[in-house]
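Going by the order they are written in, the chains are A, B, C, D, E and F; count residues from 1 in each one.
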Amino acid sequence: MRPSGRTANQIRPVSFTRQFTCHAEGSVLVEFGNTKVLCNATVEEGVPRFMKGQGKGWVTAEYSMLPRSTHTRSDREAARGKQSGRTLEIQRLIARSLRAAVDLKQLGENTIVVDCDVIQADGGTRTASITGACVALVDALNWMRAKGLIKTNPLKHMIAALSVGVYQGTPIADLEYVEDSAAETDMNVVMTDTGKLIEVQGTAEEEPFSFDEMQEMMELAKHGLREIFDLQKSALN
Amino acid sequence: MRPSGRTANQIRPVSFTRQFTCHAEGSVLVEFGNTKVLCNATVEEGVPRFMKGQGKGWVTAEYSMLPRSTHTRSDREAARGKQSGRTLEIQRLIARSLRAAVDLKQLGENTIVVDCDVIQADGGTRTASITGACVALVDALNWMRAKGLIKTNPLKHMIAALSVGVYQGTPIADLEYVEDSAAETDMNVVMTDTGKLIEVQGTAEEEPFSFDEMQEMMELAKHGLREIFDLQKSALN
Amino acid sequence: MRPSGRTANQIRPVSFTRQFTCHAEGSVLVEFGNTKVLCNATVEEGVPRFMKGQGKGWVTAEYSMLPRSTHTRSDREAARGKQSGRTLEIQRLIARSLRAAVDLKQLGENTIVVDCDVIQADGGTRTASITGACVALVDALNWMRAKGLIKTNPLKHMIAALSVGVYQGTPIADLEYVEDSAAETDMNVVMTDTGKLIEVQGTAEEEPFSFDEMQEMMELAKHGLREIFDLQKSALN
Amino acid sequence: MRPSGRTANQIRPVSFTRQFTCHAEGSVLVEFGNTKVLCNATVEEGVPRFMKGQGKGWVTAEYSMLPRSTHTRSDREAARGKQSGRTLEIQRLIARSLRAAVDLKQLGENTIVVDCDVIQADGGTRTASITGACVALVDALNWMRAKGLIKTNPLKHMIAALSVGVYQGTPIADLEYVEDSAAETDMNVVMTDTGKLIEVQGTAEEEPFSFDEMQEMMELAKHGLREIFDLQKSALN
Amino acid sequence: MRPSGRTANQIRPVSFTRQFTCHAEGSVLVEFGNTKVLCNATVEEGVPRFMKGQGKGWVTAEYSMLPRSTHTRSDREAARGKQSGRTLEIQRLIARSLRAAVDLKQLGENTIVVDCDVIQADGGTRTASITGACVALVDALNWMRAKGLIKTNPLKHMIAALSVGVYQGTPIADLEYVEDSAAETDMNVVMTDTGKLIEVQGTAEEEPFSFDEMQEMMELAKHGLREIFDLQKSALN
Amino acid sequence: MRPSGRTANQIRPVSFTRQFTCHAEGSVLVEFGNTKVLCNATVEEGVPRFMKGQGKGWVTAEYSMLPRSTHTRSDREAARGKQSGRTLEIQRLIARSLRAAVDLKQLGENTIVVDCDVIQADGGTRTASITGACVALVDALNWMRAKGLIKTNPLKHMIAALSVGVYQGTPIADLEYVEDSAAETDMNVVMTDTGKLIEVQGTAEEEPFSFDEMQEMMELAKHGLREIFDLQKSALN
């Protein structure tokens, strides 16, 4: 039995609130149960130095948790003067995943930055961020087309992400904090709506996991992500 | 005529949403029109090193703007590796103001940190932060009494803040962004609900201001803050 | 009775030593009693990036206290690797005040940086810095005219600053350290020699202050600053 | 055909030189073809603050590339003043993997730090680091037993790591730089010598990968890692 | 002929102004011609962590140039966020030299920090700093004895420093800026008043120097330092 | 008697392994007994900003010790976020010495960076670094000529360095760690193969040294460096 009473393959209620703030070209509050992340997509002219002159665009992301988005307060990274390894790792993952969704050539020499700021955390903030960021990205691309900045749609496919894990010996989907902190294994899967994989990151927290357990977790992820793709599409209509 | 159509002494709609997030001991979303700030108060055991052994508590604050809370995106301070002078100045102002509301002796050796994170900015983020932070602080103090951490109520009085300024030659109250960015003078006033002053910070942006203009701005602030104190009290009942 | 034996509105002896060092375009040692600040104005070709191409100049300032300018030694900010919030706040105040004294268009695309380094501190270092920096600024502008870098005089008016406060219930002018550290309220006023206000920053340290006390402090400031403007002018002749 | 002429499942020559330097408790130069990493294990008394008083030990790792270990020189991280996101991500991976090999309770309140410094890079530096670090860790544990610091052997199992990927449509094992930089997918697998998984990190660099391709890459990893475990064991005898 | 008209072995006028500021336990303005350095010695209870529990004291130093102590303005190190290699090298030299003058055991567990802040630079700031710092150190030691913090005098001997060099083929003493910036070789010598050496640092700036030139420079240093020791002693009487 | 059994003027076995790594234009492992430093020379197009447009090249160096190159582990500078004063001092010394060996005009607008990374330390790492870096520099210059980047040979002379000191009252050459840490005086001498001096840095660690002792140490350095120049030349043939 899961603490939440959910079945092994049952994900939490997932929702997307578009235009959550008024300035960003794409602004989405994504919720996976009690996990709430604000994903703001900004369109900027030009590209970083290392991309200049290639006629291609760039997509990047930043991630942060509000100091009191968690059970106890964490230090503010801006005050400490550096981002933690965990933060950098997560924002690199979000950015790579988003770039895999976009044809950078069709973007022209423009940059899209997606800021994922965790307002409230209850497990799965990185996967919620990717899932919400993709919706904000779509809104930003539509804004670009409406403004005439791009002619075609650079989106190759939707992406979404889900955490799965092994909890008390059983593979389960969409871990919330109490499950996550006690899980033997934790795995994050980023997938396209065409059923292919972008990222798989599995970590044995307490005990090594078998090839079979990995297989089962992959199946749970595939199943849960199909539901999430449907919700993403509804939100965008 | 103000861009917003407001009269010179008319403030924007002000609202407070308590328990906006679930982990903090006090969590308030304060809105002054389109300016929205999330104020989370955290109670921590112990005090900073320089306060140890005095039997007194401490109240402090941190302030940050989400990168895309503004019209164009600003660099994330955590990524740049330091907080700007403006940020430090604002969080010092918030913290000093909050400490002026509390009898630190009655707090015991506990610390309250109030995080003010600007979700959306349209002028007056520092005054909205102070005003919302005071409500979050009250919720945190009530939580402490309910938990038995303190016996008495350390709150000396409520505090609130308002920006006033001289815009096209006329003193006005509660400037929004388009007014603020074009104002000749900008003044922030922090007051107690007993009608006394905590902080006054007036700055000539374009033109020096006269002693008379200062007097008029002070009157506007006093008037507007009375309305805000009523709204704070309603929110807390 | 004030610890110094001064009357409530009596300022300390104020003096300006021009050409205190030999390299800077303007170099002034300003003294307010035992508070001594070296203000060096440097003229540099060009402007910061955000000002480029507007045909206007820029004026900025930096502030620092020598580690042992105070009763006990403070850490050196260069060694600690960052400037404190207090330092940043003060140098932003000095810079804003100086910019209010200059017509940036007449300055051409040149920058004046005024370094205010506190040699010895006894209260009022920020107001002494502003008052001395204005004299160094005038010397630098005269140097620019002598060199033919500018044709006209960009100075709009002299500026000077004074601290006032409420000490043991009585408003007083020009607080020295023993007064400042015990004052209920501390207020810094930056004024033009034409009698208008540039900055007003009042802070309740111990007790909130009334609108009437504020009025009295403003009068003390106006009175004291008239004396200081006379001394500035003598020093420049 | 692979640039190296290797078959799809053929790994490069792997070697371990123990006691490569004279001061460290474990010192191993690991080579995967032209990739050479020096892994030095240091035994230190005590544990980090967050682990104190639990009667358990700690294992951690640091990773760095010498500036000219690569084709072109990279900036030295110590000179730039911070470690890159990539570096932090890799050293977190190495450390997590090593901790999964050790029973921290049997280690007592001691810390083992393994420094992985890349002397020469040709793809797969993180997997080589993990594989060599495990040998250095074993030497350090043996040193501890010889010194009487621990009574039992805290090693739960050996670990090793291998990179696999999809290159020109074909899954291959142990990518060298020219393959890695052109691969569609890159996956790092950390395994125990008992055939279980510690970490799996797969990333689509150019094209999303299918569940089937993932399966094939996992098989290649399992196969290659068996060879590597044999080499590790020979090196330790 | 030297630009200054001085003979090869002629040093500049050297002076010491004690009690230059009022807070420091030793405060000396040292002048070597136009080079002016303020040396403030601070006595602090306790020693740095690595010295604790040995019953010995510690002497250290910090060095900085005011941004406009030089012909053109340098960036402020506190603003840049780090001290330059040159600064660190110089303050390490000053500190080592001062420690060589003191018997740390007789100092008890106390620390003396000497801050050397260059007010005006015209060559030889590091040697002037050492020479002035020694006088400030003596004043601080006398203050400690007067306060009863120490019973004996920990001073082993006076120290002083002088720069010598090869300028247009001729060895000369006490280089000023125009000489220093054109010299072939630059050498700094720190000596005791008992005629022994503490530090010798010779650097070929343009051309390697011969063993004979080195010998001549050493003689010039010995000669000049004898004069300086006389001036130090006069200043202390 | 020296701990090593060497005579006072006997240096340790010195060796140079060229092409130690495969990517750098010059790559030399230099060994002075148990001290081992990897010196990688990188050729880069262009020069630092302050050298631009002068038609001259630049030579610089960086130095680092692997965390466990020493008896006990030191913190990694990249993790601490800054290079120590000792590191900066040493790499400035190496860079200045190398520049003294090269005619920068003949180098064209190219930069050579020599990275000196200490693999294993047993005293004299800075002098070994300089000695090995010069060989790597020669290899890099030869590479440039072979590539046609330069037409002439910019090398003015070979350089090498040796540490000497006073140990238990006797001047000795090439101190290893146990001698170095107990020596009264430590001196590093950088010389050209034409018998002239580039740098002399002598430091009294425990006791001031006499002019005569200095003379003796200089003789030991001259003698030992002649041997080293022979070994350098053999290595290059």
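In this text, contacts are C-beta pairs under 8 Å (C-beta built on N, C-alpha and C of every residue); 3 or more make two chains touch, one makes a residue touch a chain.
The structure displayed is predicted, hence computed values, not measured ones.
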Among all the other chains, which ones are in touch with both chain B and chain F?
none
In how few steps can one go from chain C to chain F if every step must land on a touching chain?
2
Taking all residue numbers at the chain D to chain F contact, is the shared part over half or under half, that is, same or different?
same
Give the label of the chain whose average Cα location is farthest from that of chain D.
C
Quick one: how far do you have to rotate chain E to sit on chain F, C-alpha fit, nearest 5 degrees?
180
What is the chain whose Cα centroid lies farthest from the Cα centroid of chain A?
E
So how far apart, in whole Å, are chain A and chain E when each is placed at the average of its C-alpha atoms?
59
Where the CA atoms of chain D average out and where those of chain E average out, how many Å apart are those spots?
50
Chain B to chain C, mean C-alpha position gap in Å, rounds to 28
Report the inter-centroid distance (CA atoms only) between chain C and chain E in whole Å.
33
When you check chain F against every other chain, which residues touch at least two of them?
81-82
Output the ring sequence of chains, start chain A, direction chain B.
A, B, C, E, F, D
Taking the complex as given, what residues does chain B use to touch chain C?
82, 85-86, 88-89, 91-92, 96, 100, 157, 187, 192, 194-204, 208-211, 214, 218, 222
Which positions of chain E touch chain C when the two form their complex?
21-24, 27, 34, 36, 38, 40, 42, 44, 62, 64, 66-73, 76-79, 81-83, 87, 113, 115, 117, 119-121
